[in-house]
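Just so it is clear, A, B, C and D label the chains in written order, and each chain counts residues from 1 on its own.
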Amino acid sequence: MPTLEPDHDILVFDKVEATYGEAPILRGVSFGVHKGKITTLIGPNGAGKSTVLRAALGTVRVTHGQIVYRHQPITGVSTTDRQRKGMAYCPQGRSNFPRMTVRENLEMGAFLRSDREVQEDIETLLDEFPLLREKQKEFAANLSGGQQQILEMAMALILHPRILLIDEPSLGLSPIMVEQVFAYVKEINGQGVTVLMVEQNARRALAISDYGIVLDLGRVRLKDTGEALLNNEEVSRSYLGS
Amino acid sequence: MRWHRLVVWLLIAAVLALWPLYVGSPYLVGVSITVLIYIALALSFDLVVGRTGLLSFAHPGFFGIGAYTAALLGLHLGSPFPLRLGAAVVTAVLASIIIGVPSFRLSYHSFAMGTLGFAFIAQIIALNWIPVTRGPLCLPGVPPVDLRMGSWTWSATTLSENYYVVLILATITLWIVVRVAHSRIGRTLMAIRDDETLAKAVGVPVLRYKMLAFVTGAGVAGSLGSFFASYASAVCPTELGIAYSVNLIIILFLGGRGTLAGPILGAILFTGLPEFLRMAEAWRLVVYGLLIILASALVPEGIITWAFEMWQKRREGPQLGSAPLAN
Amino acid sequence: MFRRVMWLALATILPAVASIGYLHNSQAAGPIKIGLDVPSSGSDAFEGTHIARGVQLALEEQNKEGGIGGRQLETALGDNQCDPSVGVNSARYLVNVAQADVMIGSACSSVTLAVMPIIQQAQVPELDVTATSPKITQQSGVGGNIWKFRLNLNDEMMDAVFAQKVLAKDVKSLSILAVNTDYGRDAAGIFQRNLPGIKVLSTDYYTQGQPDFRALLTKVKALNPEGLLLISDYPDAAQIINQGHEVGLTGVKLFGRGSVATNDLLKLLPDPSWAQGAKEVNFWVPGPTARSLANRYQARFNEPLNRDAGMGYFGAETLIAAMKDIKGDITRKSIRDALERVNVTISGLGHVQFDDHHQAHYPMYILQIWNGMVRILETIPT
Amino acid sequence: MVILAQLINGLATGGLYALVAAGIAMIFGVSELVNWAHGEFLMIASYLFFALYVLARLPYPIAGLCTMLLMLAFGALFQMIVIRPVVHRPWQTQLVATLGASIFLINSAIVVFGTFPRRAATPLSMQNLTIGSLSISYQRLLLIGLTLFAFFVLHMFIHRAKLGKAMRAVSQNRDACVAVGIDIQLIVLTAFAIGGSLVGLAAALYAPLGNITPLMGIPLTFKAFAVVIMGGFGSVNGAVASAVILGVVEAFTIQFLSSAYVDAMSFLMMLTVLVWRPFGLFGRQVGI
């Protein structure tokens, strides 16, 4: 079993606690995200998976412990600064702008950038995602669910992230689209972007993941390679469904 | 513990009953009557706003409709007060059904503005329907609150008598609100306020419950209007004005909505406050506005909610809240 | 629940009980208190503010001469917002808490009528200086409220005379624009009943303080009336005249009832010639006889004297004259009795004596705006 | 000719409503906040213009421009002082805060400026263009022209500029804004600043044509609310279109029906629209 050595880790959670209102959601979460790999968080509803991503991004307040990003603690760093430093985030559900065109959506993805190469980068992305080029003048609302998910990933990529935090990318998609979306996740990872993913569709996700982390009731139950978790009987029984 | 409770209730009742004798000054009795009207109005307003989450601007409209109905009956037919009160309730309820049915289809912002529109139109009609309302000339000479039993008659001519009448009305209002709050209806209303989608999903007829709260609130407001017409002995279009709505909203949101103590404390503070500030006449309303801004920032859930929280924290130390677990 | 009730009881009753002590500060032989029952906020605040200043000037002058019987005079302000239900509480405040010995107000007719039962019950005399509803006169004095007095002339006295002596001579057709308040509706009604031989082409009511009169004036212009009667106070009248110029409503003869032919209006016109020839009946205006008062007022408040400030001053002067005449203690009752006896000539206003209905009768003024000034065309005895 | 004159009256009035309503709609679009004090922004702006043009004797264009800039700052300050502390609260609490602000601003103006109306007539407001029986002041021509121009600029800003696009983005999906790093606070601040400057422009154009009083904002707030609802809450284009329609309908109501009921017209129209189309005349498709 490979150890999660800090040197390889782009993002480290160290005994992180977070609350929502008065209720504790994370109760001392510790793990590391291996640079250049895909790591998937699995666990039942209410385990705190999405909160992990939000804590990393800084939209949930961490009450105890700390988060280390690229070997530097990022407590007190604003969300936008984290994004400037290479964190990109695809939240759960639809996170595009329905009454803006595909191209405008991509421009909004680049909101934090003020350099002149934005338009060029958009062109490059449209080359990479031909289906987006086809629809670049249409409103995002007119795209299918899967196309919108791909648009959202493209929006995140404009910032040239080092790590992509992606929440439930397969939610509400047809099986064919799910395959395509995961293929894109794999492709993005192939370009050197670390991926930290939360996914209900745990089997599929673990199949493309290098590592998996099982979260339950705000604590880390288990961390291992994706393959090992898939083959772990207890995990199978408790967290992967039948 | 039961006698304990009884003693406190009796004590409160005694204080309230002896209040006009204690304060003596007609000005303070007058202010007390205004405060009691506002308490009752705020409690009934809270039925709509605090317990359904919908912001209605129509409430003073129902108050005004009740006042005009009672005044017209008293002036033209010489009807006794109980009849005027009943008629005021009926017209206010009818109006609330007419307003409510289309309005409840609207989203919450549109509902607020829709009811604001109703309030405005009602006031403009009162201002211009001269043959009936006399417009800005008001309807003066409304007979006082009276009771007739055969040859025996009684009428509330002094301030203190009016105080007791409104005290009874406010108590009845409180009773209605408590009954509603502690009944299945009240719990359902709270459930709807907290999660309307869920309530709908489990088959609660949401619209019917909201209408029930809206109509009950309107009826209470109408009854208070009938008292006001007699107490003030005149009804003017200003009684339907937006100023009332503004006051009620301030009372409710800064007192604490969805509670019983909140509207009561809010009414005492925010009708009493401008009166107290009479010392600094020129700056009075400047200070008042400033206090509202500060209160909305510092005690946004209302003074009473804030006070309870502080008190609970001190008593029980840090505790697990009841906020839903969120992923 | 029980604890909540306890808390509630404590939280509400304690401060209320504590406050009583503060409010219960009745005075014995301190200064004489004059309650100002006027609007100092709301849409009629301009009127109340000026009345208050006029009163203040009169009291300051009297205080310099040692007050009355060694007692100083001071004011207490109760803002009635020109709203009857607010006015009822503010009047009670003046009567009970501020312990006013006599009041000036209520400035607005609807508030005056609402407050009259209160002053009767509390037995405090009150003197009106600007409210013009005839109903106040009908309900005051003999057979009515013996505590209410009115210095200024009422609409019944002025409007019929103005209609017959001025309007009937000047025009054959007329449009009326009236403010949609108690005073506008009342006065418009009186005029409509008193316009023999004049064709009233339109009567429109507008909202006080409305920003835009152009559509209304375009409508009036299309009717092509010979005269336009504004039942308005000067802020609205200025808007009407300015915007009337804008939509080309020129050549129409202007008449006013309210405060149209006043210096205040002229200040609000970019070009005074737009109101050239406008005639108005009014119960007072700062004329040549009030020059000394105008100078003193200007020096004190750094603004020119206007009708409302002048009436406030005369109201205070009337009260002072009455109080000087009192032999024994100055009380609410003795002030009332003294007001019934008042028989003085007030310089700048005229001879003041209250009739059976407690209405004073000094001459009314027919005014005209002429070459950027207000001139007195005629004074008509009442 | 009367019809044409009333049409022009309606357009000019509608323009004023539109300048106030656009700000309310924009602020609502990005923050779901109903700014009850927006009419008081116009009042403050008018006194500012009066101070700059009449008291400081600045030339008209400069006084107007300064009013716009100062109101830009005022809008931003208002957001920071009054709105920011309640930004995470329900919209009703935010409404109470703006209510308090409205009471505060009106009465501060009464204390500072007194209750006597002020005027700030310009040479343009005193000269009329006369064609036949039609008469219109040059100030109103300027006003119609500049209002159109302002809305053209606003439209370009919202659809072309990055910040403008971000405003649309915030009005469409707030979560997504967090994901792409759009600072929502900054956008809300921008909306208040733009709302303020539009009202500043309105003041510079309208103050010369009317009285400046502490209470002048109140009727405008209500009319603007009605208009914003009619246009579909949060839609700037919808609000502007409805404002112009309302202006014209009011003018014709006065001409052909009654002046007493004209103020009811705005809310009657609003209620009709709400019953007929609950999401406003232009529906949900428009966005900011």
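Things to note:
One rule holds in what follows: a residue touches a chain if its C-beta (ideal position, glycine included) is under 8 Å from a C-beta of that chain, and two chains touch if they have at least 3 such contacts.
Small disclaimer: the values here were computed from a predicted structure and weren't measured.
Identification of common neighbours of chain A and chain B yields D. Using CA-based centroids throughout, the chain positioned farthest away from chain D is A.
Averaging the CA coordinates per chain and comparing them to the mean over all protein CA atoms picks out D as nearest. For the pairs B-D and A-D, the count of C-beta pairs in contact is higher at B-D.
One inter-chain figure worth recording: chain B and chain D are separated by 33 Å, centre to centre, where each centre is the mean of the chain's CA atoms.
In terms of their C-alpha centroids, the spacing between chain A and chain D amounts to 42 Å.
Look at where the CA atoms of chain A average out and do the same for chain C: the two points lie 73 Å apart. One simple way to say how far apart two chains are is to compare their mean CA positions; for chain B and chain C this gives 34 Å.
In chain B, the residues touching two or more other chains are 127-128, 282, 284-285.
Touching two or more other chains at once is no residue of chain A. Each of the following residues of chain D touches two or more other chains: 107, 110, 258, 260, 263. Interface residues of chain C facing chain D in the complex, by the touch rule stated above, are 41-43, 45-46, 49, 180, 204-207, 209-212, 214-216, 218-219, 221-222, 235, 238-239, 242-243, 245-248, 264, 267-268, 270-271, 303.
Only residues 162, 165-166, 168-169, 172-173, 175-176, 178-183, 285, 287 of chain D touch chain A when the two sit together in their complex. For chain A in complex with chain D, the residues that touch the partner chain are 57, 59, 79-80, 83-84, 88-91, 93-100, 104, 107-109, 111-112, 152, 155-156, 159.
The touching residues of chain D, when paired with chain B in their complex, are 28, 32, 34, 82, 85-86, 89, 91-97, 99-108, 110-111, 222, 225-226, 229, 233, 258, 260-261, 263-264, 267-268, 270-271, 274-275, 278-279.
Within the complex formed with chain C, the chain B residues making contact are 1, 4-5, 8-9, 11-12, 15, 22-28, 30-31, 34, 127-128, 130, 135-138, 140, 232-234, 236, 238-239, 260-261, 264-265, 268, 272, 275-276, 278, 281-282, 284-285, 304, 307-308, 311.
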